[in-house]
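Below you'll find the structures, each written out as structure tokens.
You will see chain A twice below: alongside chain B first, and alongside chain C after that.
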Partner chain A sequence: MPNAVSVMLHHQRRVRWGSLLGVVALVLASQVVLRVNVHQALFGVVAGWAWLGAHFAPNAAALADLPEILYQLWRTVLVAIAATTVAGGVALVLGLAGALPTSHLKAVRGLVRLFASLMRNVPFVAWALILLFSFKQNDFTGFLALLLMTIGQLTRAFIETLDEVGPGPIEALTATGATYWQVIFQGVLPAVAAPMLSWLLYMIENNIRDATLVGMLTGTGIGFIFDLYFKGFRYASAGLVVLAIIAVTIGIELTSNKLRQVLNA
Partner chain B sequence: MISNPELTADSLQPAKLTPTPRPRLRAKRPARALLLALVAITGYTLTTLAPHGVDLGAASLTFLRNLRLMFLQPHLGQETFAQLSQALLLTVALALLTTLIGAGLAFFLALITARNLAPRSLGDVMRSVMALIRAVPTILWVLVYATVIGLGTEAAVVGLSFHSVAYLTKAFAEAIEEVPKEKLDALRASGAGFWLTVRHAVWPLVRQRLLAWTFIRFEINFANAVAVGAAAGTGGIGYYLFMASAFYFDFQEVGLIVLMILVFAAGLEMIAVRMRKSLLTGN
Partner chain C sequence: MLSVRHLTKTYPNGKKGLQDVSFTAAPGTVTAVIGPSGAGKTTLLRSLNRLITPEQGTVTLGDQELRGADAQALRQARRQIGMIFQDYNLIEPLSALENVLQGCLGQKRLLPGVLGLYTKAETSHALALLDEVGLRAYAAQKTRDLSGGQKQRVGIARALMQDPKVLLCDEPIASLDPQSTRTVMTIIADLAKARNLIVVMNLHQVGIAREFADHIVGVNAGRIVFDDNAAALTELAAAAIYEKEATALA
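Up next is the complex of A and B:
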């Protein structure tokens, strides 16, 4: 009769092989649906880089487009920051209404969470395209698309952050006779300011990355001029756009890492 | 990226005898300054954002009307339900495959990136390369590959995988870096080689985190797979979404597609919650 240890080891081994088989099955199932030509895909990995090197190297003609590229990039960064900040304000209110320690009505909490989940899961392609239909092709449409995409994400993040505060400090302040808003402003918000700003920075980073795609769909900002150059076979200018995007993205990432360090210090 | 504010060097120092309010003020000032800066930038941007020639009130009304059409009167349009389901399946498969490829490659790349496992110079090079790949938006990779190997699934798979690898390598490496040094040293001191250390010190501690990151990436890849179908025309549900809204202006069909995606997302969330529970109970 096997002893307990060997039974456990046996069970562990079975779980391990089971998970591995599960992963392999998932890969195979996706391959059955997609029917990817593996040879072509692998070839593409190498060929893509070679092609980039040959066509995307910016030349003197592309430099003439630089002012326009930098202007669009500047606008895109501004729009991303503005959309994220406004979304942060909306998400703060929703977060307070949806988090356990700050909201006493179960129905309200449920509604807010449902709303956040809905907003988060509507594909941003859908937001971008419906907004484009109503608000036409301009920066404001890009702003609204990023705003709607971000509200759901930040609301969920803020609810989780507020939930982590727990009932302790709130009960302590309430016991001293503080009103609801005094508790929120004196007890809750100072405690969550740093993590919430961290989330805001993270979403700004994300939104600057996504702005290219949103711009392609809504015909605004840096995404639009990339699309314009790329489809017009002006690859050198398109390459310059990519280089500019890389520089800004890495710059923003480094800046927000620094800011996060200062915030958490 | 995700750091624990309680574990900073300051909190490890012995408590001062006379608590002064100074540290508190210092901790709050950067937060306030940053918030002010963000609000100022936002204010400036909003004043320059007003569109020319668009009546915002009328536009908002059309937008709300279209939302109502989408969510309350979803309807089939040009395509049959079977076609849309097939396309959704394709998009899910695309997200799944690229996530698994990304996670598989990223695990090994993370081992040669993490500061506590890899040689310093190798780690630095890896981090820079990954930051570079991540800085290029996914859609650009897909467009480039679509140009080189032709429009189709392959371009989408390669393009999405590229970004997933870079994203997950960073996330995985950061998870690995949180493995306590003592654990690694204990195994190394007992003569365990690289793979034994990874197997017995790293893997058991990080696998939950890695699974969580993989799940997050799957969500991102699903959104990207939809977007890539729309913006690069590589097929899947995103393509129909694009056609329905930008070509046929059929918001009822857009609504149906969005609802299908929402149902799928809800199912996914349920699976994620169940997986987290079974992981926590140690099964």
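Up next is the complex of A and C:
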């Protein structure tokens, strides 16, 4: 028996060292293929930050752009919130159709899960580029790009949340003679409201960040003016845009954390 | 009177859940269904309100037959049959009062039921029921913060909110400590007498069944192997139900 233990420990050590050496070899091989010089990259990062600090630090001229930046940021936040909340409504319906405890048709469940998978696996940047052809450069195109991707993400999240409810509460209300919709609204949704709202808040945070990038492609919102300042060599104003985005996303994150605490209390 | 005749249920995997099961349960009495694990107790209980649909036989409550009832008739029948569960099956993020109010969902029209709009009379009734099970002070408390015994009492109040003729209890004390077990069993037995309820409950504990039930149905391998009053359940009869030596159940 002790011999078997020592063989097992020896095998574990071999696996551990083998894995470590494999990772190191992979890193070295990728550096050779990509011609990355680690030493240069490390010092380059420091120099890069120094350059950013020197050119992107907001100055008095940049502060004059603040009202426009805040206005565009506000529009971006609204697009993100609108896309997420509309997606939340659609995803709730799809989630109910795709989750095991709430949907009795296997084929419908399969179709909804496939649809969600397709939607969420197309990146929002790809959606924005595809939609640009049909809807041109405007806020609605950005809204649609975020909406489609978010529907996929939230449908998947909602299905998993609903799957965790289990048959118990549904069975209990069905046994009272309640109808399907009464069971859903009075039994299922109250049980999953907190995790679902948590997902919604998380997606709002994500979409505010993503809306900036979508704006660059669709020529709208904070992304567009960042692109404008950057390409016009107005780096201080572009730096102010970045700071404003960081401040708003942190603010939204803190607010949603607080809301989550209230929901789970 | 609740009358069960020739009930048969076979699961898709070929397992016989129930085989030609017949018995009756009278108002004002507690009928305990006992038997080893996998004997078909839960299948039997869930067949009574058609949470499981048997392929043969009849379940008759008064003059209403449940097994062949259409969706509308089934919902109406279920309003008269309260049910409590081993795992309570409460909506844990909601308060005790909200959970009890859900007992009358089957009696409400679609929209008020969907929106959870309850009348003052319904709320007063729910509070009175919480008082009856000794939980008036916990009305506003979320049920996830209650103990097992308290949760089961909320489950009882929810079932009573239906103003039922029948109370089905699926292993109601399986998750409870001895003190809570006695409290819950006393409440159920008293309710059967006070409200003239037909109580049918699954139990694992033979001693508890003898003490609190009026009528005992023994089930083994989906068949009824004992059907008599509680006093007739001797050690030997119990051992036969469980296919054990009589001393093993003492």
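In the analysis below, the second predicted complex is superposed on the first by the 231 of 265 C-alpha atoms of A that agree within 3 Å, B and C clash if a C-alpha of one lies under 4 Å from a C-alpha of the other, contacts with A are read in each partner's own complex, and residues count from 1 in each chain.
Basically, a residue touches a chain if its C-beta (ideal position, glycine included) is under 8 Å from a C-beta of that chain, and two chains touch if they have at least 3 such contacts.
Values in this document were obtained by computation on a predicted structure and should not be read as measured data.
The partner that reaches more residues of chain A, of the two candidates chain B and chain C, is B. Judged by the touch definition given at the top, the superposed model places A:173 against chain C, while chain B stays out of reach. In the superposition on chain A, no contact is made by A:108 with either chain B or chain C. In the superposition on chain A, contact is made by A:191 with chain C only, not with chain B.
In the overlay built on the shared chain, the residue A:25 is in contact with neither chain B nor chain C. Using the contact criterion defined above for the overlaid structures, shared-chain residue A:253 touches chain B, although it does not reach chain C. When both complexes are overlaid on chain A, the residue A:143 reaches chain B alone and has no touch with chain C.
Shared-chain residue A:181: touches chain C; no touch with chain B.
Common to the chain B-facing and chain C-facing surfaces of chain A are residues 190, 193-194.
Looking at the complex, you find that chain A touches chain B at residues 15, 23, 26-27, 29-31, 33-37, 40-41, 43-45, 47-48, 51-52, 78-79, 81-82, 85-86, 88, 117-118, 121-126, 129-136, 138-141, 143, 190, 193-195, 197, 200, 202, 209-210, 212-213, 216-217, 223, 226, 230, 242, 245-246, 249-250, 253, 259-260, 262-265.
Those residues of chain C that touch chain A in the complex are listed here as 49, 51, 75-79, 81-83, 85, 87, 89-94, 98, 102-108, 110, 113-116, 155, 158, 162, 168. Of all the residues in chain A, the ones that touch chain C in their complex are 168-169, 171-179, 181-183, 185-187, 190-191, 193-194. Listing the residues of chain B that touch chain A in their complex gives 1, 3, 5, 8, 10, 27-28, 30-31, 34-35, 38-39, 41-42, 44-46, 48-54, 56, 59-60, 62-63, 66-67, 70, 89-90, 93-94, 96-97, 100, 131-132, 134-141, 143-145, 147-149, 153-155, 157-158, 223, 226-227, 230-231, 238, 241-242, 245-246, 249, 251, 254, 257-258, 261-262, 265-266, 269, 283.
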